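There are two complexes below, and they share chain A, which is joined by chain B in the first and by chain C in the second.
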Partner chain A sequence: MAEDVYKPGNLLVSLKRHAAAIATGLRYLLSTKRMTVRYPEFVIDLGEGYRGMIRWHRDRCISCSLCAQICPAAAMKMYKLPGEKKMYPGINYQRCIFCGFCVDVCPVFALEHTPVHDISYEELDEMIYVPTKFDTEWVSPAAKEGARPVKVVFDEEVGLRHEPQ
Partner chain B sequence: MAPQPLDKVVEFILSPHIFAPLIYPGLLAAMLVLLTLIWAERKMTAKVQLRYGPLYVLKPLGGIIQLIADAIKFMFQEPILPRKADKWVFVLAPVTMMAFTIIPFAFIPAAPGFVGVDLEYSLPLVLSLSALVPPLILATSWAANNKFTLLGGVREAFMMVAYETSLFIAAFAIATYYGTLSLSKIVEAQTVPGIVLNPIAAAIFFVAMLMTASKLPYDIVEGEQEIVAGPFTEYSGILYMLVMGASYMELYVLSLVFVELFLGGWKPVIPALASIHPAFQGIALFIKAYLVLLFAVFLRSVYARYRLDQALEIGWKKLFPLSLISVVWSLILLVITGGA
Partner chain C sequence: MTSPGSSELRGNPYFWYRLMGRDEEGYDVYELFIGPQHPASGHMRIIVRLDGDIIVDAEPDIGYVHRTMEKLAEGREYLKNIPLFERATIIDAANITWGYVRAVEQLLGLEAPPRAEYLRTLLAEINRIASHLYGFGIAGIMLNHSTMFMWAFGDREVWVQLAEDLTGARLTHSYIIPGGVRRNLPQDFKEKALKAIRYMEKRLQDYERIFVKNPVIIARYVDVGVIKAEEAKRLGIVGPNLRAAGVRYDARIAEEYGAYPELDFEIPTREEGDAMARLLVRIEEIKQSMSMIKQILDKIPDGPIFHEKYYRMLPPKLKEFVEQTGRLKLPGAFIRLKPEPGEAVARVEMGHGEVFYHIVSDGGIKPYRVRIVTPAFRNVVLYRYLTRGARFMDLPAIYGSIDYFPPEGDR
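This part shows the complex of A and B:
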């Protein structure tokens, strides 16, 4: 549109546009629309297929080491456990890029993604999971403290809406 | 039985030349402005961007003491001195910068007849004191010995000459109409607000005020996404709090001057508040100045940052000629109405 083309030098036109911009800002300031998920109280329900933290099932693992071989970030490594002949995978989350190759390549479904993604660590060493530590269920800290899951809905008015489930 | 020396001390503190710079409208009120204004800025920007902003520090009041938490954090953070920095200048420049933004409070009248030091030339004095801050920003940028601070310093040098002239001329344009350079006399002479008499000067003063305090759309000097934090890149801890606080203090000083020049100052006077302290009957000045500040920081959520060359073009090709026009306008007004 010709009206939207910026013509420098015309003070009155630019004044009008400044006023329009400020009016738009004020309109947003006075509206009650918000898109934020108040995280520790609410969490987005991520559903199936989310590539979060990886869960390893020791009882299914056949020690084929395919996961360690395919890992592009060298995050997955095989560990020898004391008193065991077989080696088992462990993961280093300092390196993991959550590509999911290990989960895809596993022939016996011993590795799977969980929707848990909100873990934080105080020390770098905590991010290394040896097989004994790797074989535990992931728990989201927010969900543990009673965060309510919400679902993301696209909305013409606001943009994003979050509906409690 | 109150001992007499204590009464003397209280009387001394409540006397205008201590009360004005240190308590109201000076340091203490300025700290209150600083703490609530930055919170309000973040809250308003968040609202416009469909967010919540600071919320979890004192949640029932919407996180209003967030800035106190931030201040405590800055206090206990280690102020790092870069090895190659010019240490004396690096440490003393922020302190001096803060001092130059506090000194003007002694000359800004807060209520009828209430001013720390009453001078005939308080308007040029206050403006020139706040004009001493940019050279100190240059000093910090050179002392820190870092490429980002140097780039920020060069930008500050360019900006400084672009806005200061227009700021001074716009202020003098309205002072020409009132025929005095004393802020208290200007407020007394104002029956019609200056913004109605000379809207051009008011607009120029407001825009130059934003440039002085480097608020969006003119935060070219600090330009976060481009040059880290401009001249303040190397600062941390309490020194960073000082340099960051100084720009807000400058904005507060200039908005007080703006209200006194263009928005009728402390009028209407509320005599009932005089029983607390004579300074508080001019509380309208503070409220108006706070509203001006809120509007100034609200613009952050409306505008994007201008490029340096665009800002210089605005400064020299728009503001400067317009400020000269505002002087002519004041003179025409003076001839027609015969002065205030």
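This part shows the complex of A and C:
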């Protein structure tokens, strides 16, 4: 490709190339090939398998502490709840890097990734989930406000398309 | 270079010359500090000395994003270092961790099953394309070609999406682990990848029209920042920067790891060694990577994705889950991998060039020492050698064409 960029050009060749560059730019200006998602009116449905916010199920947990041991960011910690003998995991989202090792190592499926990824916090302390807070469903704030879910579709013309579901 | 006025300079007979704005030989030089606040590709500083419009000397001053990764690695279990090293080159996470995992596998005496090697190669090539597009976009904006920047970054999204489908994360995949990979190929992956490839092939033609063959870019890139084969070898340059100088060296061939021995691909090289050659080599590599992805998806063998030694430890219920979902579960024993005492080295070809790992194990659960030589660190010297005698306006062109990534150089 593009072998001839090294050949000495002349005015005519240059003009042609300028014209080709401008024409290409114009073509894209006129046709609307856009990949952008208008969040928060639309929100991408990331589907199963996406490593998003982590859901912990207290009823399944056997307190083996493997999740806290494998966590490379020291985000997962075992907590002692008042009045309980067993320790339970809590997570600190200031530290979590969403590597998913904890989910992979949990032997009883007590930890699961959810596709929710768009949570924001006003205070740092809110990012710490002690076991009592950790055992709740995640809801995407955009979806709660009525954002329409879109699906990512690969497309030969546009690259990525976002189809409403 | 020491900054003017530092204590060592006080005894220097040229100090007074410098104070008068003259260099050692008495020339008028102007010292210009570019950075360290993110001149373009990350935090670094280039100290440029100018004689009029001509660069007399340019000194890369790095270390602003140094995170003591090698030291941190000594305090973490082997598995936990994977997400750490990933953060050296976040845009090429699969390749940079693959080198580490290969070295750990040597220490553990493990080999990944063939299917896992193919999946690793698949993600590595997807990452290579994304990494080249990233560099391409940055090179574009450095020449003030913001269209190229937007396009390359937009098209990178397609490859990032593919990687997300495979691994569950956009950039920090932590996909390659000792003994295999963490996820199996999704059902519809091949179809998606082929669409992405066809899209990219079309786009590369548009890139050519709007950027590569654009007379403005030709004027800025051809014969700018020339390095020849001998000099490149002497300086220890790696990656596309080396191949653009005419040296056919690539760790994928030198080392024969992953699925590369079974794939049919070429190592693009050029003779010119200028900024344009470096750009063309990268574009050619994107095409080669796409051809490799097609071959991988055609030939990928069936079989396990994780080494039997650890897979065996999983209880039947977890095995069933892995079979059904294609998402690996890890046995508890995997947290504290304990290799034999010894040393291992491994190298891998990243988008930016060859990365080299040297691990020393004392038989404990944490490495005794990990040495990483990243391609960016080996290429940073180019700032000095490519810019001497160039015009100042060539500096952004040269900077962009090297594809230097500061967090990788600094570790």
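Going forward, the second predicted complex is superposed on the first by the 153 of 165 C-alpha atoms of A that agree within 3 Å, B and C clash if a C-alpha of one lies under 4 Å from a C-alpha of the other, contacts with A are read in each partner's own complex, and residues count from 1 in each chain.
The criterion applied here is as follows: contacts are C-beta pairs under 8 Å (C-beta built on N, C-alpha and C of every residue); 3 or more make two chains touch, one makes a residue touch a chain.
For clarity, every value in this text was computed on a predicted model and none was experimentally measured.
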Three-chain arrangement built on chain A, chain B and chain C clash or fit: clash
Chain touching more of chain A, residue-wise (chain B, chain C): C
First (chain B), second (chain C), both or neither touched by A:G25: both
Chain B versus chain C as contact partner of A:R38, first or second or both or neither: first
Which of chain B and chain C A:I119 touches, first, second, both or neither: neither
First, second, both or neither for A:M127, with chain B first and chain C second: neither
Partner chain(s) touched by A:G159 [first = chain B, second = chain C, both, neither]: both
Which of chain B and chain C A:I70 touches, first, second, both or neither: second
Which superposed partner A:R51 touches (first chain B, second chain C, both, neither): second
Chain B/chain C common contact set on chain A: 21, 24-25, 28, 35, 158-159
Interface residues, chain A side, partner chain B - complex: 11, 21-22, 24-25, 28-29, 33-36, 38, 158-159
Touching residues (chain side chain A, partner chain C) in the complex: 1-2, 4-6, 9, 14, 17-18, 20-21, 23-25, 28, 35, 49-51, 64, 66, 69-70, 72-73, 97-101, 104-105, 107, 109, 113, 152, 154-160
Residue numbers on chain C that touch chain A, as the complex places them: 76, 79-84, 147, 154-155, 157-158, 161, 164-165, 168-169, 172, 174, 182-183, 186, 191-192, 195-196, 198-199, 202-204, 206, 208-215, 218, 222, 272, 276, 280, 283-284, 315, 318, 321, 325, 327-332, 334-335
Touching residues on chain B, where the partner in the complex is chain A: 44, 47-52, 55, 298-299, 301-303, 318
